[in-house]
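Quick one: this structure, given as structure tokens, is what I'll be asking you about.
Letters A, B, C and D mark the chains in the order given here, with residues in each chain numbered from 1 onward.
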Amino acid sequence: MIRILSRYAILFSLTLLSLCALSFSLIYLFPAEPVTTLTGITPQNLMQHEALMNQYHLNNSIIVQFADYLSELFAGNWGVSLISGQPLSEEIMLALPATIELSACAMFIVIVVGIPLGCYSGLRAYSTTDFTINSISVTAYSVPVFWLAVLFILTFSLQFGWLPLSGRINLLFDIPPKTGFLMIDILLADNVDRAAAFSDALLHLILPVLSIACISTASMIRITRRSIIDVLNKPFIIAARSKGLSSKQIFFRHVLRNALLPILPLMAMQITTLITNAMIVETLFSWPGIGNWLIQAIYQRDYSALRMGMLAVSTLVVMITIAIDLFNRLIDPSREKYESVTI
Amino acid sequence: MPLLDIKNLTLEINTGTQVIKALDKINLTVNSGEIRALVGESGSGKSLIVQAISGATPPNWSITADRMSWNGNNLLSMSEQKRRQILRKDIGVVFQHAIASLDPSVTLGEQLEESLPDQLIEGSWFWQRAQSRRKVVINTVHKVGIKDHEQYLRAYPHQIPTDIGQKLMLAMALISQPKMLIADDPTRGMETTTKVQVLKLLSRLNQTRSLGILFVSHDLLAIASMSHSMTVLYCGQTVESGKMKHIRKRPLHPYTKALMDSAPSFSKDLPPKSQLPTLAGTIPTLQHLPIGCRLGPRCPRAQRACVNVPAVRKIHDHSYSCHFPLHRDKV
Amino acid sequence: MSRFSLYDDEAHPSPWQHTWRAFKSSHIALVGLAVLLLFVFFAFFAPLVAPYNPTYQNTEALLIPPSWAPNGSIAHLFGTDALGRDLFSRILYGCRVTFGTSLLVVIIAMLVGVTIGTIAGMLSGVRSSVVNHLLDALMAIPTLLIAIIIVGILGSGLVNSMWAITLALIPQFVHHTRSFVRGEMKKDYIQSSTLDGASNLQLFYYSILPNMIEMLVVQGTLALSIAVIDISALGFLNLGAQAPLPELGAILATGLDAGYLAPWNIAIPGVSIFLMVLSITIVGDGLRSALRKRVNR
Amino acid sequence: MHKWLVWPVISTALLTLLGGCSPQKYSANYTNGLVYCSESDPISMNPQLDTSTTTADATAHQIYDRLLEFDTESGRIRPSLATSWSVSDDGLLYRFSLRRDVKFHTTDYFTPGRPFNASDVLFSFNRWRLPQHSFHNVSGGYYPYFESLGLADNIADIKAVSPYEVEISLKQRDSSFLANIASDFSVILSAEYADVLMSQGIPERIDRLPIGTGPYQYADYQKNHYIRYDVNNDYWQGTPASKALIFDITPKSSLRLAKLMTGECDAVAFPARVDHQIIREREDLVLAEKPGLNIGFWAFNTERPPFDNPSVRKALAYAIDKNTLIEAVYFDSATRAKSLLPAASWAYQADAQDTGYNPVLARQLLDEAGVAPGFTMSVWAIPVERAYNPNAQKMAELIQRYLADIEVEVNIVSYDWSTFRRQLRQGNHDSVLIGWSADNGDPDNFYRPLLSCDAIPSGTNRARWCNPAYDEILDRAIQTEDVDIRKALYFQANELLFDKLPMVPIAHAYRYQAYREELSGMVINPYGGIRLGGVTKQRD
């Protein structure tokens, strides 16, 4: 156990280091002045330029610069956005929770709807219900997410007018952003009608979450179905049945557990596509998440924001992936690495 | 009253393109306390019979039988619930690959406790029942010959050697004190030392607990010594069955004779350096089964009459199905 | 003695024929293949087939509905967009741009990925596991993020977005190739050829590659569907193909502005991307199940 | 075997679907407030520092007041913070008497000690007038509107005769002075707030956390997302009806329209021309229309060869067909522009010369000027919608094709609005599609900020064209009060412009305002930014 934990700790710190190195190299790769990309302040005159250069040790060797860059990062001084002048740590801490909230709800729906449907179609393999579920999931899997979002907007909010289409909550609710997670902020906010704010936030959440969840649920259904069918063909299921266990007992005690174990590493890949889709959909629903923020930054050529945004998002995603891998390694007793799991 | 009585069992497998008659009119009876060997070359449908009995059949199989009864009541017409009850209580099944037949994600102790029916444990409170459950598991494991049970009960299937796995499968089958045990070639691929251990264990159980055993195997040497009666299977057809002594002394079906000759220890008068007599040709694949007597093309005594399926004839509990049996020239 | 063989020897088809026969057995896969070939045809012969030049702005024909709509004209099969450009020819050229570039992207990513994967697979020991774990972790970075960074460095444009997606797809190929090669190296037929004195290169070319082709084809179709979606997403976000270049995602984005007046400007590009990805996924699925049928027999 | 699994699966799927759609219509107005969807971020919270309409919309009429106001119907000047004013007969001395007990905003970052008086007027004017003023260089020290008019060196002195009496003396007569005082940019700041900030050592906060006397006070601003205003309860013209005002920043015009339809926005800025028909068809939306005092033009950067050569500029002008541009981009809701002034202005010249569509002549002129075929140039297109140019990107693509006919290659450049303006001011553009909306009714407000020499450093002269003869005509024009003389002088200026053609005037567009029908008091302000003080929303 300790050996595994230490191995994963090394892997995590190594990846984190490579990500920091990547973001450090961006300072020189971006077509702007290294000083502006690092600090976000455009030096007005030569004197301020010199002051910044030695304040961030930009003139001595790369290694010292990188070491200093790392200490700055962990000290929380992430520099200032080129355009808005706000400190980056503040802006990212405001934008990241919005995307996390969106992806978490989408992931919840993916798991709650995807896995049961996958099991259902897996158990009734090669029957008509299995065929319909499978064809629906193949279709839903291949719909481009931005087109789906546009279709949802056109039908649900413009045609029927049931759902709002932009932002996290109606701006008339003045919710001071304490943690960045809207649901928690509503509870913390004092002079606001909580029930109305909560229902409004939920209504705003439905369309973006549905447009992201559709695609990931479809692929989750296919993965689960394939995994269930593989497990059902295994010999120990025949042995269990000959032991006289009822089909319900066999499913819950043996099939479900063995089918879900190989799915975990694939969940990590699911999270990556989910967050990518979330970043695309944010621009359509003007959801103030990290995706929207990054795309605004690229439009405004805000290089310091790009550098820090990239580091924040990739660290988040890599952390989740490695956590899922570790969790899978811990609870998967069979040690037999599910290397080539087909989708 | 035989424990298990199967008459004319036919199994058709619908493989999408064509329907294959894998088992053709199987007759099999096992009395209580009797060890019956079911012998046949690999691919003759032995494990299909075991699966047919246990009812674990995939959707594209269709099973028809004149009679398939357990202690008198017909298995096929029984309700799913009732049949499962019998399987759990009275029949224990041991499979060939022990490790593959165990759930890789559950500890062995749990799997053993799972196959223990509730009737056998006492204690009203749940912790008492858990203790008694553990006690029964531990002494069954001891009975099967595993001393250090602590280490194995906590382990996972991929962490234990195959012979221990085999013994645990046996324990799992015996834990519900069944009346009959179906062993599907448990000793296949084992070294002789462990093989002898398992066989001795089985015969000891048969004597002490008069446990009926249906021993499915293709290894004649091991079975001849311990089983009371034998049925020979070829390509899904029962060719001969009867008392072990009669068959060894006077096999009536050419295939049984060929089987007997191929085992060197039986025919003592074999001149040194002579070729072992075997049947020509190979076992036909399921898609190309010959009509009538399936041994037809390979049988040295085959004649025109063999084209239609030979009826089953009995000479006081020694039955065979062949038009031109050995030692009895007239039909 | 005369050998009397009653049953003729079965014609043992080669693995390829077998996979093709299994693939052919499912009709949906065939339909998917037909649609895919249609897109490939458009991708290569768009200039011959397209009635108009995609960037020709006919200012008299602004926002004409498609031919099947009440006041649509047959001159413009899919109608025209806000600048009077014929939508049908733009979609054809769009297929050429989107599908063509994603084919290119997948081929490059496959070549690079396979070489790195094989090298990582062959040399065992700490280094390769470290490299692999690192690549697995980097595989987790969302493709859109890599695209944004590359657009930041090189500026927006179709070629830059191609580099971004190639970089995003390489770790996937490396991972699958590496696990496949490690699996193969344990097998005996590799052992036997190494005993015959085969060098690593010959080993790869003669024994591993033939077996790997099917796995690569399956991974290729998966990567192709991801590439098509990503390239059109970047085009939609105006990070990939720039204004006049007819790329399906960009056409959809420009169509959005006049969305309520001309809904077909949204529907038709969306449907074409959807059909393209659907056909790729169906063919990929058909291949995968055919391959699985052959392997499990 | 699996019948028992059917029930949990169906229930979860249904639950998620049903929970979602509440059949009744989504009504966005829970609390009593007004949501206005603007198209971009303001550069700063003080209109003095920037001429863009976005900044004026967000601040001018919401947070601040001016000495004088334009009447929205008649367009004539009426009193505001100055109750009355008198002009000496030689036109050099202006005396204003100020309104009493007008309170500044009380916010969590500042509580005013005293009401509005003359020292605030002095502070507001001297800040941009005197370079050595303590607040002049705060947030860049850059006042484009006043620099382009050269107002600073025309004002001799400003004196506070009494706490509620101010006197301004000019060096030369300026007939457009009163109109400039009433424009969006000459707002009144709080001197007391300035002193407090200077003592705390954070003077630039005056432009980030503004204090004014307007109907709404600043509450919160998140870049690219929203600006929140609270109501100014003790506003001197009576407390406004809606409790809060939100500027929801939505760059895409189709998204703004969508939010208007679902009721998430009560009013939207610059509805796209292509959607006008849809807004008119829906009965819950209103599209107000007014002939606009603006001009959309295509300016060439005359400092960069070959655009410094007038014949090249003429050739490019002949290469494009203005009528199709107007039809395709403005959907015929604009009139063709011959000169800078729109028809609504009294100095409009109906018979001004204009460049027709003649690509052959254009190619000829280019060959004479030595511009070889395949010459590439950049056309910058503003990314936001404006009354004077609703879709610059589309117009650029049309121009791209016209110039392709005469073998001139065009690449279209566009950034985010604030980055676009910053790069434009540095002058690294070949040509730009932009425009100007009048801030007051005076023709000088068109000619001077767009093409005068001292408008180049202020950034409003996009063509960076400096012609002393042209400036001399303009100075003579504002000296006289006589309308006919000024008209003749402006006609002279038109000829000079047609001869040199630093920019190609394209269209004078109508101004549009789209809002929900439950809004009342929504009126289009002919000059400058939107006025939301008097708007009320009935409960539906």
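Operating definition for what follows: a contact is a pair of C-beta atoms (placed from the backbone, for glycine too) under 8 Å apart; a residue touches a chain by one contact, two chains touch by 3 or more.
The shown structure was predicted, so the numbers you read here are calculated from the model rather than taken from an experiment.
A.B. asks: Report the chain whose mean Cα position is at the greatest distance from that of chain C.
C.D. replies: The most distant chain relative to chain C turns out to be B.
A.B. asks: What is the identifier of the chain with the smallest separation between its Cα mean and the overall Cα mean?
C.D. replies: Central chain is A.
A.B. asks: Select, from C-D and A-B, the pair of chains that is joined by more C-beta pairs in contact.
C.D. replies: Between the two chain pairs, A-B has more contacting C-beta pairs.
A.B. asks: Give, as an integer number of Å, the spacing between the C-alpha centres of chain D and chain C.
C.D. replies: 48
A.B. asks: Just give me the whole-number Å value for how far the CA centre of chain A lies from that of chain B.
C.D. replies: 54
A.B. asks: Where the centres are mean C-alpha positions, what is the separation of chain B from chain D, in Å?
C.D. replies: 93
A.B. asks: Counting only Cα atoms for the centres, state how far chain A is from chain C in Å.
C.D. replies: 24
A.B. asks: Where does chain A touch two or more other chains at once, residue-wise?
C.D. replies: Residues 158, 299, 301 of chain A each touch two or more of the other chains.
A.B. asks: Two or more other chains touching the same residue: where does that happen in chain C?
C.D. replies: 256, 259-260
A.B. asks: For chain A, which residues count as touching chain C in their complex?
C.D. replies: Per the stated touch rule, the residues are 11, 14-15, 18, 26, 29-31, 135, 138-139, 141-147, 150-151, 154, 158, 268-269, 271-273, 275-276, 279-280, 283, 291, 294-295, 298-299, 301, 303, 306, 310, 313-314, 317-318, 320-322, 325, 339-340, 342-343.
A.B. asks: How about chain D: which of its residues touch chain A in the complex?
C.D. replies: The contact residues of chain D facing chain A are 1-2, 4-6, 8-9, 12-13, 16, 20-23, 25-26, 28-31, 33, 35, 219-220, 222-226, 228, 244, 246, 248, 250, 255, 258-259, 261-262, 264, 415-416, 418-419.
A.B. asks: Taking the touch rule as given, give the residues of chain B at its contact with chain A in the complex, in rising order.
C.D. replies: Interface residues on chain B, with respect to chain A: 50-51, 54-56, 84-89, 93, 95, 97, 100-107, 114-115, 156, 158, 172.
A.B. asks: So in the complex, which bits of chain C are touching chain A?
C.D. replies: Contacts found on chain C: 28, 130, 133-134, 136-145, 148-149, 151-153, 155, 176, 179-180, 182-183, 222, 225, 229, 232-233, 236-239, 249, 252, 256, 259-260, 263, 266, 270, 273-274, 277-278, 280-282, 285, 288, 292.
A.B. asks: Which positions of chain D touch chain C when the two form their complex?
C.D. replies: Residue positions touching the partner: 252-254, 257, 272, 274-275, 277-278, 324, 327-328, 391, 393-394, 397-398, 400-401, 412.
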